């Protein structure tokens, strides 16, 4: 599996953010998109996720499931965590599992992995910032997509949470997964850096 | 100026989060509230800000302006950044300055300090995560309150942003300000740690 | 036992458990007397036998307003004194008040058909009572919609106090606008104008219904305190799980 | 006691009294059933070994 | 299939929890019907004549009041991104969301119609005729309204603008809904307007999801 | 003072930008008035008779449609926390927000009344009478409705529940607004209901902000 972009140009709100960006990454590898604030890291992730159209250039996936598009093989962990405050932790997770089609049995197992098993029936409105982030990670685990798109995933995680997540990423890479992460912090794993917008 | 809490007990959603917490901090000092996810750091900040009532115990400020309450002398930088997407950067900032009553002239200067001077007339909807955080910091500077309550303030800031913010905090402390910050990351300044919820 | 002791829910539970059987018995006896008296009351020269509806219509109508008054006091207790029992009293009273209001509306309609020739008319008295009923339902809905009881209590208290403005409107609507409904003949300045033959059974029935309310309210408050205890223990149980 | 003569509007009078009886009966029934249910729950929690903050058992009143 | 069912279930569950439960819908219509006499005057004959109009206006109101959050809530918390990225065709997902909206905001009205008919002094046949037209017509209100809801997300707009966009689309539904009900009450031919109403509903089932999905697909950023 | 003026200006600005500008309010009322003949049937005499009712229902609708976001939007983005912490008394801040809401959602209706009166075939005196009652009465709708909006924030609830809580409070305003307008049209005593309407508005100016501030102060967390 190989994800690559050629000559990508990003325009937002009528202004050029970056252009002529090339990148390439393979299964088992983590690509860390780094750059100053406003350099276009989030925009690049959204382009890979198919949520934003590049103004020029193209993004392609080779060696994935041919019946599925690139976004359908990816899962995106964004700042906004797609949780409904009125639903409980497990209801939130089970919904996304059913809707996105993950492995049905182990939602509770994933919650235990991220350390939320004691809060299963709590409404999501009651979660702290870090607990919400952990729930997003549990969703990432339940839906089991080969491509992980992570936008500052360790924000709000405590130190134990950060190393737990690093272990999960290493595990994912070892199974042939692929990670593209935008980050300002070291993620605790070996990554290849993709600097963008050198002169913002 | 001395901010202190005695025997604080925090209940949220009918569950005990922590109890019997004592703390004390003086002008010129930064208190870093540390603890695992869900240990109650944000809750403590909201109690100091007067947005959440402690279930027991009390929080008091000595040596501040006697005509003002504690929340009126504090500014709270939270996860949710109180920006209106429909207004431009400068409109957002000027509104808060007028409403909270800050020094009228230097809003633009503060924007320059945080590196947003090129985006003055951009709608806030167009800002990236780090740019929004910078705008929150600009507000913190414009309204000039002696007590800063910061909830993971360096989230989403790039490295240059983090050191810029550390310098701002040092400056604030040197002028006799007081900082209470909840954080998982080193803030880049000398802090006294207040660990809470040791066994979450 | 002072009022302050009553503030303790546990103390309250003991007291009600001792009091309730006596109250229930007294209510029952008074109801029987009242019913007998109203059965024996003569026919009205204008309204014929339908005047018998008065003996249940009027107590229910009075109680529908009285209960809101009780809830308003409880609301003050919640907002001003943050009294734990005030929340309980307000929540327990709402369904009972809604029932009384419904009965006032229903018996009024059943009386209106023979007297005015229609079950329903959009006049000031009738509609203001209907608004009262809707507000009772709104409050009940609010209590049911919010799991956290103390959060719901504060919101309901604000709404109850605002709704209390409706009470004088109901009471004086017959004086302010000319309506089909007749003006006050018992609770009025200058004393009652009702004939003694009707007044006495009416007052007994009113007393009996007030006692009924007291009994039901205390019992419902007891249930509510127990419900909160169950909730607290369940939360505790949930957090004890590994 | 002579039979009550309720005149031409007997159905209205009878049905209003009946209605009041029914509604009050429902109210009483609901409150008693609710009481039983709460006591039952408390007993279950007691059996599960959950105790109140004061250390007293769940069903205890005092 | 399970994906769509899960979406419907989630949206209904949220609507019931946030809106305060299934009874609130019924209570809302009760309030609207009680409100009308105050505005229109307490003339019972007039109220009876306007019965269908009042119920239809109530339906329009309920759908307008809740429609603007249909996609906006999912957009604000990021759910919409994940829904768009999912393997379920976006058109079907939109249809499922609209169905859930109707279950929470339209169906209660249909269920409450008999009780409301009593308040408006309508007889049994009229009530059942109105109930039938509402059952067939309210989905059309939701499925045309969802186009406006999708536009609101992509335009970052809300409030009255949405109502201005949606109301003209719902006028045909309103016309034929009221016409069919009045035909049934007045004893004219009920079939013709009712057939048109059914046709409108069917058309909206097709156009609504496609238009909404198209505007979401091109408008997100 | 400048703090409150800034709050009013900000809220109006946002309402106009998000709602699509000042004209949208007028356009909305136009749509409602155009819609009514479709619901009620095109009988012009009836429409004229119902003129005040239609305009008042439009006003109620506009305030309901936009009220639920009055405090909710500020709560969701954290602005409300800062407003509560500010040095401006919360009651005044609430009143300022309500004023801004009225400027954006109520005033356009008053301004559009002459044009709408033409559409409904009302003569000049009737139109000006209705305009006057709307000018006096619509603030009362906003200021009673804000109580519900504040409750929505503290309860984390919205949708139809809010409408159910707010509507009973606005019934008196509706009654006297329509009564005063009809009195002016029919040539009865306009003074009495109009005085009551004014009184209701004044009461709501006091009760609304205090109730809203109380519920916000006790309910945030």
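Think of it as A, B, C, D, E and F in the order they're written, each chain with its own count starting at 1.
Keep this in mind: contacts are C-beta pairs under 8 Å (C-beta built on N, C-alpha and C of every residue); 3 or more make two chains touch, one makes a residue touch a chain.
In this text the structure is predicted, and so the values were computed from the model without any measurement.
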Most distant chain from chain B, judged by the mean position of its C-alpha atoms: D
Turning angle required so that chain E lies on chain F, C-alpha fit (0 to 180°, nearest 5): 180
Chain centre separation in whole Å, for chain E relative to chain B (CA means): 45
Geometric centre distance via CA averages, chain F-chain E, whole Å: 24
Distance between the centres, which are taken as Cα means, of chain E and chain C, whole angstrom: 37
Junction residues of chain B - those touching two or more other chains: 12-13, 79, 86
Of all residues in chain D, the ones touching two or more other chains: none
Where chain E touches two or more other chains at once, by residue number: 17-20, 24, 27, 31, 34, 38, 76, 156
Contact set on chain B toward chain F in their complex: 12, 46, 49-52, 68, 71-72, 74-76, 78-84, 86-87, 91, 94-96, 98-101
Of all residues in chain C, those that touch chain D in their complex: 10, 13-14, 17, 39, 43, 48-50, 52-53, 56-57, 60, 95-96, 99, 102-103, 106-107, 110-111, 113-114, 212, 216, 219-220, 222-223, 226-227, 229-230, 232-234, 236-237, 240
Partner chain C, residues of chain F touching it in the complex: 147, 150-151, 154-157, 161, 164-165, 167-169, 171-172, 203, 207, 211, 214-215, 218-219, 221
Of all residues in chain D, those that touch chain C in their complex: 4-10, 12-13, 15-17, 19-20, 23-24, 26-28, 30-32, 34-35, 38-39, 41-42, 45, 48, 50, 52, 58, 61-62
Sites on chain B touched by chain A in the complex: 12-13, 35-38, 42, 79, 115, 119, 122-123, 126-131, 133-134, 151-152, 155-162, 184-185
